[in-house]
Amino acid sequence: MAQACAASSLEPSLVQRLLLCCQEAKKAAYCPYSRFPVGAALLTQDGRIFSGCNVENACYPLGICAERTAIQKAVSEGCKDFRAIAIASDLQDDFIAPCGACRQVMREFGTNWAVYMTKADGTYVARTVQELLPVSFGPDDLQKV
Amino acid sequence: MAQACAASSLEPSLVQRLLLCCQEAKKAAYCPYSRFPVGAALLTQDGRIFSGCNVENACYPLGICAERTAIQKAVSEGCKDFRAIAIASDLQDDFIAPCGACRQVMREFGTNWAVYMTKADGTYVARTVQELLPVSFGPDDLQKV
Amino acid sequence: MAQACAASSLEPSLVQRLLLCCQEAKKAAYCPYSRFPVGAALLTQDGRIFSGCNVENACYPLGICAERTAIQKAVSEGCKDFRAIAIASDLQDDFIAPCGACRQVMREFGTNWAVYMTKADGTYVARTVQELLPVSFGPDDLQKV
Amino acid sequence: MAQACAASSLEPSLVQRLLLCCQEAKKAAYCPYSRFPVGAALLTQDGRIFSGCNVENACYPLGICAERTAIQKAVSEGCKDFRAIAIASDLQDDFIAPCGACRQVMREFGTNWAVYMTKADGTYVARTVQELLPVSFGPDDLQKV
């Protein structure tokens, strides 16, 4: 099954590296309002890793999530082909899941790549972008009208 | 199955009314940039219907979707309990699906309510918010850290 | 001076009505995260008033401000010509000012209309959209490339 | 005058470097929808430069501006003290101005730093964040309620 493949095709050592990166990225979080730091690490097809954190704003709607920060960084450096993203938070008992907005931004760059959602202890579950945003609206739809 | 119930519990006449409302709402769309008008009609638990359309901006990220316009209208009028939302666009051959950001805003107010995605001819498919945004981050998660 | 006119041309009784409306609108605020309720009341050229409040989200960036809620409501009801907007918060000693995102959304619909920023006691200062967002990017700029 | 100082205190060679960087950053813009590429270059107090570009989305509201991309990159790398940001677009006859949302995100990290707005030929005007977002809402206001 293609989707399972996307999520399972990463070598374990690479997964571990990505998990460490998103934990590390979390340290830069600017979250004085939520006090809910999040980190993300994005692996591109050519093997680069871009990290991101949440960057909040006194006007809450103007903040941005860790996942989108990482994706925007990658795009601004010329990378638009992604293999996987890992996300870390301080949640002890729950796997941190990306918000819907981040799923939509992930989906802009493909549906069949992997999202690793972790707990604070480093355990994780993986899903594809497709699984996290089923029946999605995307770039093709704009061409159809 | 609870989720199927949410999507199937609306009386057919109410569904038809909601479908007409979202088609009508589409006419107010302010979309000079995408030229992709979208309308939404939101049914509250107490039987009121709030309509919305997309409202774009020359700075594209500052636009808003039809679904969120409808939800914000309802909340600003004191309604936060929703039964269903219907969405209309000019897509002939595809059911218009809500973006991830709108799914997250829907999810803020519950996961077990229905989303009717229509084609221009008025045919539709229905899903619950839960089905459209599985494994979601929500209000409870913020309490856990 | 045209800008001063925009801010001063409202009859006092209409200003008072607008101030009451934004105070009233504040009561519907959904702000469990910031606990910072804001209300807005938008006066259209044809004399209608649309109210709005902030509608927050567990994923903070997906919240929306009171001012934008009011504007989106008006547009979705077919009104795009605005005379004035009034904003209320619980700030005792400061006039509540719109965020930059709201200023940009106001500016989409014209630069020469009035923004009334109030304190909790109902006193206010007024500025034009132009004064609050000088040297602005707007719809015309997109045509020029 | 402090504000003028902020905008004029950069050595000419540093300004030139920043201008080149934002032009270069523009090349990475992902803007299939607006076809309006924008680049930004952000200078930190410790002399680092972070570049950004706009990253659009099929769901327009989920795109992000060049200026915010640059700021989020810097924060995610541990830099929150900024001296100046330069912005480039393809506009021939107008200086590209930041949108209100970007001004608010700039303002989160201080009001007295410089924004260089350029034309395609590299000429520019400079303003402080304070001048671009007067009477602003900011981090302090949240403490007051």
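Details
Think of it as A, B, C and D in the order they're written, each chain with its own count starting at 1.
The rule is short, and it goes like this: a contact is a pair of C-beta atoms (placed from the backbone, for glycine too) under 8 Å apart; a residue touches a chain by one contact, two chains touch by 3 or more.
Just so we're clear, the structure is a prediction, and the values are computed from it rather than from any experiment.
In this structure, the chain pairs A-C and A-D differ in their number of contacting C-beta pairs, and the larger number is found at A-D. Relative to chain D, the most remote chain by averaged C-alpha coordinates is B. Taking each chain's centre as the average of its CA atoms, chain A and chain D sit 25 Å apart.
Chain centres here are Cα means. That of chain A falls 34 Å from that of chain C. Residue positions of chain B touching 2 or more other chains: 33-34, 59, 62, 64, 99-101, 104-105, 137, 141-142. If you sketch which chains touch which, every chain touches every other chain without exception. Those residues of chain A lying in contact with chain C across their complex are 33-34, 56, 59-65, 99-101.
Touching chain C in their complex are the following residues of chain B: 25, 28, 30, 32-33, 51-53, 55, 57-59, 62, 64, 68-73, 75-78, 80, 101, 104-105, 108, 137-139, 141-142. The touching residues of chain B, when paired with chain A in their complex, are 34-36, 89-105, 107, 117, 125, 127, 131-137, 141-142, 144-145.
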